[in-house]
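Next come two complexes built around subunit A: one with subunit B, the other with subunit C.
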Partner chain A sequence: MSIYIEKIAQISIQSPLSDEWMRDPIYPTQRHCRFICPDFKQFLSPATSRRMGTLLKCALTSAFNCVKEENRTQLDGIFTGSGLGCIENTEKFLTSMLENNEQSLSPTNFIQSTHNTIGSQIAIAFQCHGYNITFSHRGLSFDSALMNALLKFKLNEIHSALVNASDEMSDAYFKLFDHTGYWKKSICTTDDFKHAISSGSFAGENSVSFLLTDKKAEHTLCEIGDIELFHTPSDKELIDRTTRFLSSYQLTLNDIDTVVLGHNGDVENDEEYNRISNLLVPHARKVIYKHIFGESFTMSAMGVYVGATCINQQHIPSHLLLQEGSTGHHKPTNILVVNHFKKIDYSITLLRSC
Partner chain B sequence: MDKTLVQELKEEIIEVLNLEEMKPEDIDASAPLFGEGLGLDSIDALELIVLMEKNYGIKLKNASEGKEIFRSIEIMADYISKNRTK
Partner chain C sequence: MAEKIVVTGYGIISSLGIGVDKTKEALLKEERFIGKVLHLQTEHTDIPCGEVKESDDELRRHLGINSDYIVTRTPLLAMTALKEALQTSGITDSTNTAFINGTTVGGMEKSELYYNEFFNGKHTEYITAHDCGAGTEQVGQLFGHFSFMTTISTACSSAANSIILGADLIKAGKVDAAIVGGTESLSKFHLNGFNSLMILEHEACRPFDKNNQGLNLGEGAAFLVIEKESNAKKRGAHILCELAGYANTCDAFHQTATSAESTGAYLAMSKALQNAGLKTSDIDYINAHGTGTEDNDIHESIALKKVFGENIPPFSSTKSYTGHTTSAAGAVESVISIIALLNNFMPANIGFSEPIDATGLKPITHTTKKQLNTIMTNSFGFGGNDSSCIFSKYQVS
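Moving on, here comes the complex of A and B:
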């Protein structure tokens, strides 16, 4: 069975709802970059959006831009990944509890404080009564949601799915992470991502929606082959399982021409990506994306988005290449998107041109 | 009728219920808050209960009271002026 990425819509720290970052990326000017929001009024009625925080507005807008109105009720499933959920609403709700001595609590912030608010609000807006699930598994939240969607396709239980990855970074959470050394102390440069020598990254925000179907259409972006999740794998397990899943697509590791890696400027994190890519596909071009999108628990979704966009446009811009001059003349055909979270959890996703 | 209180309530309702598109002068103080008029819903009713408690020290004893009190901003202002503790 083949599963395809029909459409992707993103709102992040790049120009919203566009692939402008392919030609003219916006580089970070702060350690904590927030969403660049579109004009929500174009997509959401004031009545729909008046209780929503920024993350929910972004998630709904990306979902609306991903699925045509006439197809929304027929969607078979909505799969959401979010590491922190609606954390700003959670903080407002908890702060209000503290300030008001657990009395007089506003219901709106409470209602919207959960992780699965995102998927449920999309379903309500779409009037979609299909399968609906949210995964919150730290750095593998999106990857788990995607895996669930792909398994459902393979079981022939669904024929279309919206997979969404949304995360915001509140000021309070940014500060908490800052204390643990999760962020760099100065603004990141691209060189920090290509030759990391210190710890920490910079914070980004993302809401990206993928429309998956089992039918190829005129504007299909690419095929999404499969995703493998690993927990503290040995090198042998990484090689064996990746080789095995590629073989089901009549591919070998040698057929992979491009690998998308989650270099985030942290020396330990980036060394692991270098190690894995050299272990699995030393010959492949190395593409990075977090130097323009930042870091979040579900930023791996932007890696899949970047890979799918490069396949669709048959082009890899030089600013995405880890090594200068490694672009070659070959168009991207078979891409592996590699993600790891603290060298504990890993995922490998296959994207193919179609 | 306390016109200052009516104006204050309009501003508070716009803020608490995130009625971003509205200004106090857009709200008819005698129009129904629910159904027609502002078209508020049950979550808004909860927000109004919290607003009364937080800003005016009024704790509604039972939910059915709200149905009467929240008929319009004028009625709400009248109830608040008679029962406020702060």
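Moving on, here comes the complex of A and C:
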């Protein structure tokens, strides 16, 4: 069975709902970059907009832009990944609880604080009663949601799926994570991503929706093979399991022409990407994306988006290449998107031209 | 026909105590533990909860963990239940095994304590312990080298959905076995959240009773070891029961209210039956979601009527024993259901006296002996994330 990415819609720190970053990326000018929001009025009713925080508005807008109105109720499943959930609503309720000594609290922020608010609000907007799930597992939150969607296709239980990855970074959480060394003390330059020498990254925000189907359509972006998740794998396990899953697509590691890597400017993080990409696919072109999208728990979704867009446009812009001049003449055909979170959890996703 | 998925291990901690035996004893004696909180530092001491009696330090000692090891209560509860689940299953090799945990509170119970100090750079270890996945990693790493691990957060159906994902992974041949379940500690955050929604009962709850005023929050964790039948047989494991069927659906109506037609709950139960290839008459007992809120109890009753018609199987809500253990509930109640199944009894819906006018359904009021072969357990969550699981006595293939 083949599964395809039919459409992707993203809102992030790049121009919303567009692939403009391919030609004209916006580079970070701050340590903490917030969503560039589209004109929500075009997509959401004033009542909906009033009720919802930015993250939910972005998630609904990306979902609306991904699935045509006539197909929404027929969607077989909604799979969401969010590392922190609706953290701004969580913070508002928490702060108010602490300030008011647990008295006279309004439930609104609590209601919209749970991680599954995103997936269920999309289901409500779509009137979709199918499988609905939310994963919140650090850097593998999106990857888990994607894995679950592909699993349901393989079990022949679904024929279409919306996979959404949403994370916001509130001002307060930015400060908290600053104390844990998540962020660099200065504004990141692209050079920090290509030759990291210090720790930390810069904060981005993202809400990206993928429409997956088991039928190829006119504007299908690419085929999505499978995703393998790992936990503290040995090199042998990484190679063996990747080789095994590629073989089910009649591919070997040698067939991989491009690898999408999550370099985020943190020296330890980036060295691990260099190490495993050299271990698995030393010959492949190395593409990076977090230098323009920033870091979040679900930023790996942007890696899949970048890979799918490059396959679809049959072009890899030079600003995405880890090594200058490595562009080569061949077009991207078989891409692996590699993700790891602090050298603990790993995922490898196969994208193919179709 | 697809290979059976069997349960070979189970472990539980709740206000009823640590372990399957203590839980069984309480269920048989109709002893519930809902009362004043001892460990949770809240202003609302008048609100009764099903709090786990052991303090964090006592749980650490039970687990043989150093007192200076940084861990929040949610993963500590999980570790306690997981330890028992692994022991009962006798599983030692976790290489081709997934670990799937369900939680929503995550490290909130410490974040709410230290939040203001976090900004001064204090207790930063609990900043990184806040997110749901942080605890899962700590739990998983303590117990083995899993093929992979992940965390599901669909509020009160989180643990049920982790059971479902584990089963699907086994069905698809992705793993041979999965450790599935969920964990949740009490937190001021969600106690106040539910309180602000005005759905907390100030007495011990009586689900499905017309005069009941809401739910009691509880805490706990439970895990199951599920695997392919052939895998269990190969390693000579004792098979407890079968996971016969399951379904995950969405009400798609409102973040906290249920649709008038109870679409999500109806679909969860009927699709689970379909998935198991069973008729409604095959279900001997239902462990209802039965939170004690008017919204849930009326709508779950409506859905039960829609699915089972005039012949609704005997049912009860064991939240009357443990309180609502939220993200852990799906696993806590699966373990309770399996205990009931294996020991042929139906646990009481404690405190019930008068049925709700609109639906008139009466749950089991006393723990009753009955030959059970197949049981259903419901888990419905915020956002309309509704799931049902069906367990059957094991029959050798």
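Keep in mind that, in the parts below, the second predicted complex is superposed on the first by the 354 of 354 C-alpha atoms of A that agree within 3 Å, B and C clash if a C-alpha of one lies under 4 Å from a C-alpha of the other, contacts with A are read in each partner's own complex, and residues count from 1 in each chain.
The working rule: contacts are C-beta pairs under 8 Å (C-beta built on N, C-alpha and C of every residue); 3 or more make two chains touch, one makes a residue touch a chain.
Everything numeric in this text was worked out from a predicted model, so none of it was measured.
Shared-chain residue A:L105: touches subunit B and subunit C both. Of the two partner chains placed by superposition, only subunit B is touched by A:P46; subunit C is not.
Legend: residue contacts after superposition of the two complexes on their common chain; A:G130 is shown touching subunit C, with no touch to subunit B.
Once the two complexes are overlaid on the shared chain, A:L229 sits against subunit C while remaining clear of subunit B.
Judged by the touch definition given at the top, the superposed model places A:T61 against neither subunit B nor subunit C. Touch counts on subunit A: comparing subunit C and subunit B, the chain ahead is C.
Residues 103, 105-107, 111 of subunit A contact both subunit B in one complex and subunit C in the other.
Of all residues in subunit B, those touching subunit A in their complex are 16-21, 39, 43, 46-47, 50, 53-54. Across the interface of their complex, subunit A is touched by residues 42-44, 99, 104, 106, 111-112, 115-116, 118-119, 121, 124, 127-128, 131-134, 136-137, 140, 145-155, 161, 165, 168-169, 171-172, 174, 188-190, 192-193, 195-197, 248-256, 263-264, 267, 381-385 of subunit C. By the touch criterion stated above, subunit A contacts subunit B in their complex at residues 46-47, 50-51, 100, 103-108, 111. Interface residues of subunit A, counted against subunit C in their complex, comprise 78, 83-85, 90, 93-95, 97-98, 101-103, 105-107, 110-117, 119-121, 123-124, 126-138, 140-141, 144, 147-148, 151-152, 154-155, 172, 175-177, 179-180, 229-232, 297, 344-345.
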